[in-house]
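Both complexes below contain chain A, partnered by chain B and then by chain C.
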Partner chain A sequence: MRVDAIVIGGGVGGLVASLYLRRAGRSVLLLEAKDTPGGVCRTIPSTAGLNVAGGAATLFAIDPRMIEELDFLNKGLTFTVRDMPLAISWPNGKTLLLGRDLHQAAQAIAAYSATDAQNYRRYRQELFALARALRPWWWEDAPGPVAPRNARALLERLEATSAAAYLNGWFESDALKAALAFDAVAPYEPGSALALVWRAAQEMCGRQGAHAIPKGGPAAFAGILIALAKASGVEIRTGARVARLILDGAEVQGVELKSGEKVLSRCVLSSLSRRATLLDLAPTASAGFAETQRLMRSAPHTGEAHITLVLDAAPDLDGMPANARAVIAERLECWLDTDSSARQGQLPDELMMEVVVPTAIEPELGQRALSVAVRGLPTVPKEGRPVSTQLAERVVSTLERRMRNLRAHITGIHFDLPTENRRDTGFSVSRILSSYRARIATPLNGLFLCGSAAEPMDAVSGRAGRLAAGMAHRWLSQRTPS
Partner chain B sequence: MRYDVAIIGAGTNGLAAAATLARAGFSVAVFERAEHVGGRCATREFHPGFRASPFCDEIAPIPAVIFRALDLARHGAIFMPAGGQFETDLAGDRFQAEICKRIAVHSAYVLKIAKQPRTRDWIGRTVASAPLHKESWSGLSLSDVLEEALPDENSRARALAATLEGRAADPHRGGSALHLLAPRAGSGMTMGGLVTFAGALHASAHAAGAAFSLGLEVSDVQLAKRRATGLRLADGTEIEARAVISTLDLKRTFLAMFAWKELSEAVASRTSVFRHAAATARLLLALDAPPDLPEGPISVSSCSAAQAHAAWRIGTVPDPLPMTLRWVSAADPRLAPVGKAVLTVTLGAIPYQLFDGAWTNEKRIALRERALAQIETALPGLSAQVLAAELIVPPDIEEALGVTQGDLDGGEIAPDQMFAQRGFAQCDAARTPIDGLYLGGRSAPAGPLGSCIAGVVAAHAVMCDLVGGRLR
Partner chain C sequence: MTDVLATPFHARASAANRFNRWKLRNGWTLAADYGSAQDEAIAARLNCAAADISWRWRVAIEGRRAEEFLSRLVTRDPARLAPGTAFKALWLNDHGGVRGAGVIARHGRESFRLISTAADRSWIERAGALFDVTVRDVSQEEGGLAIAGPYARLVAEAAGLDPALEPSNFRKIFWRGLDVTLSRFGEHGGYELWCKAEDGSIVWDRIAKAGAEYALRPVGLDAMDILDLEAGVPRPGRDYEPARDGFGAEPSPFDLGLESLIDDLHKLFNGRAALRGIRKTKARVGLEFDGETPMPHMPLLQGTEPVGRTWSSLYSPALRGAIALAQVNLDAAALGTELVCGGQTARVCALPFLPVPDSIGE
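== the complex of A and B ==
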């Protein structure tokens, strides 16, 4: 079998890449190892006929240009929540709500600290202004130099500053700092202040730095993409795990599936991580010695897990509005512990998590569920022991401090552990600072990355898929002049 | 009284700045709080007949060009190699030499550009082309760098212990590799203790005509229209100066020398977020007989640096203690009476403040006993020889040297506090947002690279601005 392009992995990145390649007139085969495409946005079949997303509960980084070009809004994409406020559970048991309205947010913080309230305003303004200045850099594949001169000095400082140090410079309340640090993924890593800026540079529903839930959940969003891909003629094959890449020197010739079948193609787009693509799928050291060494080293210690708790009653949220995303993180310093315990393969003493209740506001999902994202978990558990039971117990007991009687209502749990999804989770300065072109291209000719590994940080975005499709199309045009 | 330049602090940086300026023909006065010059380059008798340098045995390397320009050899500074960590280890030696070379190239660049008058695009251009800045060290972890450079586990452990001597850092964290570029030792020891080196610098500055005021603290930097115009001393004397160089650390400079409300917002916020990471304690031992030890430093600890850092961070003393022993009187017999010996021990990861409060006498004694017990386990029979033991913890260093929290590095070594990010990112080299005020200590961008560099860079910046007419 021979196609113009093969896309490995049917997540949002892979789907977007194959769609754009198909629109450019290329024949595309999309290979998905699991039974359903959709990646972190796929629906998980559950015993109770539940349809909830397996991973991400909210979307915050969808490429607006893609939404426009693929005419999503006329294909049934609507949002039930456009802008989720951030709910911070304060040590005294109260909940602090930070929404878009800066004045209200400052007033809410003022109940705890007057200086923090004052600084929050200036923090948001500085962050959002810098984020706007940096947008071309994070949104396009070949950005020009960072424009405003005053932004450049700030940028130079943030490149070396950890999110923890940056937040420490602004605020005094530990709970506020810890919650804001959640978005930085690895807040003690140098340069992670940039992760906060990158978050603020994203846009959902026309609002800067917003989190949104589409109608039907992220799974519905992936569903639209799958329908579009099928309609445009992308061949989607599920249950097809790729065993290895077929190479001729440093040039890709196709892929071989686990079943032994070979598919030939001049161009392969992978939505797996750079590490998984070049180390596991390509023959040893085909990426070059130095690159292989670098990839071997780059394994992150900590990762993110998504846990979905299926409930038989609406959760008692203890003062938290249903449309908010709640961040539970005790102290900023807990982030330091996550790193050292992850290195020993242990769960941290305090779990850092984000809780969203997608079903409370989305009755169409039919079921009540809590979607929990836990960060700072070990990617390599101690002695290979599965952490899922232990983790579930810890998550539930942490949540029970705020939501009484939660345990009695749980009817099912679904896990998406960092060891399973094998993405290049975590933060790295070099990744966030390089261009899309550098992140998408690989040392092998004809091989491109199109998944979340090609984004500045892990996110459901589609931007890398869209840009990778463009690069793949140009590559194919060069190879086969019509 | 009126001078061209007033310098606060007579440590190595202050003395080097004074000598550089005085040799160029400017009128200079140095103001020192202590009764003697030298700062950390002090050597004193801690037990009758036994002398040691209480804060460090060696100081960071001095660029050869400064050493020659100030004619220090003629004024009595004779360095002798202190016996390295890597006596029989070729790979370790090569690695050490490679790092030293990088620092030397970078310092040469820093010194060169300090002499250039600045143009409009000066800062961005010079920072971007600084040799070490281009190598992007800030994301690297110390353990990764060592693993790549040194194949042998023993030499890696030695290099790690040497780099983190008297410090607290998690070697796995990104940016910890910067500790390699901020050496604390490496110049070797001077005959008669470090005080002779301070003496040579003093003599060089004095011979060139610099004035010295000792034993009187500076209480304020005088401001007129947001420009430093002089100093006020603790006894009320006012000193007029066209420029002021402060060799104190950044926090101390702005917290102690100014009224908080006088500071602009940029300065105030920078000062409040600047971090210190004090972690050094020193134990001076007088021994009855020469120990059976090699001359070079010996690291005595089974504690991993990451564990030590974790303990230090929450305000506890790590167990076991990370420590480095030096038989200083072996290299310099003048420090001990004939037939006796002086040993110094540098302890790392000792917090400035303990989780249960400040350091007390009992806690000091407990730490001293623990350190001695650990030495006895590692080197049996040594503690029987101990005639006297003096322990110095971070608050003692703060008290003696006036460095915030007793941090000998003048600020935590972290990516957002190194190179151009160390002082004021929007100002180059030694300058500050206050016209006429210059930072010349370890908190200045060039501070951690070596001894005297920050002072000389500040001196050159002052000369540039005085001659260029920026400070009228």
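== the complex of A and C ==
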């Protein structure tokens, strides 16, 4: 069997890449290792017989150009929540709600700190203005850093500024800083202030920096992509795990599946991480000796877990509005502990988590669930000891401080633990500052990355998929000038 | 400060080194000359000479995946090597910059030797670890003695070593109680004799005895450097700065004039993909001077335009004039082009400066 392009991984990036390549007239085979495509957006049958979201609960970085080009809005994509406010649980037990309305947000903060209330307005304005200025660079494959002149001085400062230092410069309330730092992924890394800017540069439902939930959850969004891909003639094969790449010299010629079957193609797009693609699938050191050693050293030590708690009753949210994303992070300094604990393969003392209640905002899901994202967890637990049971206990007890009687209502728990291979690094300043072209291309000819690893930061976006498809299409055109 | 190492032939070399002139190379102390470097260079060209080459960096590369590893490391495919044969090749970094050059010799199915004039230990050891291959430095376990000159073959024969050996081949020999390896890797003809470190003095004495009839004389490092430059071979460290980091693209093999060491049919080696995007912009040429020997690494002018730099330079007693290796822009590389170097005129000439002397008795 021979196709123009093989796409490894049926996540959003892989689906978008195969769809765009198919629309460009290329024959595409999409290989998904699991039983269903969708990646972090797929649903998983849980213990209670209900379907729960497998990973991401909200979307915040979907490529607007893709939404328009693939005509998503006429394919049934609607959003139940278009702009989720950020709920911060304050140490006194109260909840602080930061929505889009700056005046209201400032008023809410003013109850705790007048300085922070004043600064929050300016912080948001600066962040959003900078984000808008840097959009061309993070939205398309712009050649080189765009850095508009008026933003360059600030950008140069941000390149070396950690999100923690940046937030410390604005605010005095620890809970506010800790919650805002959640989006920076690794807020003590140098340059992670850029992660905040990148977040603010995203757009959902036409609103800058918004978090949204599509009707039917992220799975519905992936479902539309799968339907579009199938309709356009992309062949999707599930349960097909790729064992290795087939190379001729430094040129990719296809893949060999775990089953031993070989599929030949003229190019391969991988939605796995750069590490997994080049270290596990390609022949030893074919990425180059120095690059291979760099990739081996760059194993991420912290990652993000998605935990879905299936409940038998609606959770008691204790004043938190159901359509908000609640960030639970006590103090900014706790992030330092997550890093050092993760390096020792242990859970941190304080878990940093984001809680979304998909049921409350989406009654049609027909289930009650809490979707929890925990950051700063060790990727490889020491001595292979599974952290899942320990983690579940810690997550539930942390949540119970805010939601009474939660434990009694849990009927099922689903884990999606951080693995070393899914992600390259939580945050890397070189990754966020490089171009799409540099993140998509690999040292092997005809091999491209199209998933989350090719984005400036890990996110469900589809942008890398769209741009990788363009690069693969150009590669194929050069090979056969027909 | 690292230790100064004595080669296995040091006892004999120091007895012969009447003027006590020594030089340090790769950590080894070696006789600079045994009287006159120029006389020795002439002897090695017209007669025969023995030189200590134990300073060359040698590693044994062994393991199940040794062939695969070397195939990925160097610019030619060792799968084509039969045991007992060798080739010269380059190794490049990820972006196509030359890290080193050397001889790859196949000892067995899973056993190779790499011999180079400059060590690149960490690169080869770390890369070998990716393939579970052991990379062992054997420089101190073995000594090497070069037998150069037209009479080298007769000397080897007189010493009881069967000299029937094709160029680039080597053979292990049990030589009157000693395990030695006889090879023909060199650019200036002749043979190399490799022995265990403890056998150094015996080997020296046997060669000296066998060579007495042909006026064999020991030659020092300076004379060997003259032969080396006359052969026109650029050396890492001496002539060009090798690409010591993993990612820089300088120097490119094309600009060093070493593209002949890249096998076009060898499709996958480190740096291969990057070579596609590299164009040749400079050429390696020889320069002949009418006057003084210039300093090494001098700028070269064509008219008033800078067109390149010299590499190493010295006085060639065989050519009776100063010569230099140089790297110049392609449009200044035509034979006979006159360039200005430090105020004096230099002419571009063909490489090598002198051919390998014909072997007598072959």
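Everything that follows uses one rule, which is that the second predicted complex is superposed on the first by the 471 of 482 C-alpha atoms of A that agree within 3 Å, B and C clash if a C-alpha of one lies under 4 Å from a C-alpha of the other, contacts with A are read in each partner's own complex, and residues count from 1 in each chain.
In the analysis below, a residue touches a chain if its C-beta (ideal position, glycine included) is under 8 Å from a C-beta of that chain, and two chains touch if they have at least 3 such contacts.
Keep in mind the model is a prediction, meaning the values are calculated, not measured.
Between chain B and chain C, it is B that contacts the larger number of residues in chain A. With both structures placed on the common chain, the touch criterion links A:N445 to chain C but leaves chain B unconnected. In the superposed model, A:D4 lies in contact with neither chain B nor chain C.
Contacts of A:E304 after superposition on the shared chain: neither chain B nor chain C is touched. In the superposed model, A:T284 lies in contact with chain C only, and not with chain B. By the document's definition of touching, neither partner reaches A:D116: not chain B, not chain C. Looking at the shared chain after the overlay, A:G191 reaches chain B, while chain C stays out of its contact range. Contact residues on chain C toward chain A in their complex (touch as defined above): 65, 68, 72-73, 93-95, 123, 126-127, 130-131, 245-247, 267-268, 270-273. Those residues of chain A lying in contact with chain B across their complex are 152-153, 156-157, 159-162, 165, 168-169, 188-191, 297, 333, 336, 339-340, 343, 428-430.
Those residues of chain B that touch chain A in the complex are listed here as 124, 127, 136, 138-139, 144, 170, 172-175, 269, 272-273, 275, 306, 310, 313, 414-416, 418, 420-421, 425-426.
The part of chain A that touches chain C in the complex is made up of residues 247-250, 284-294, 443-445.
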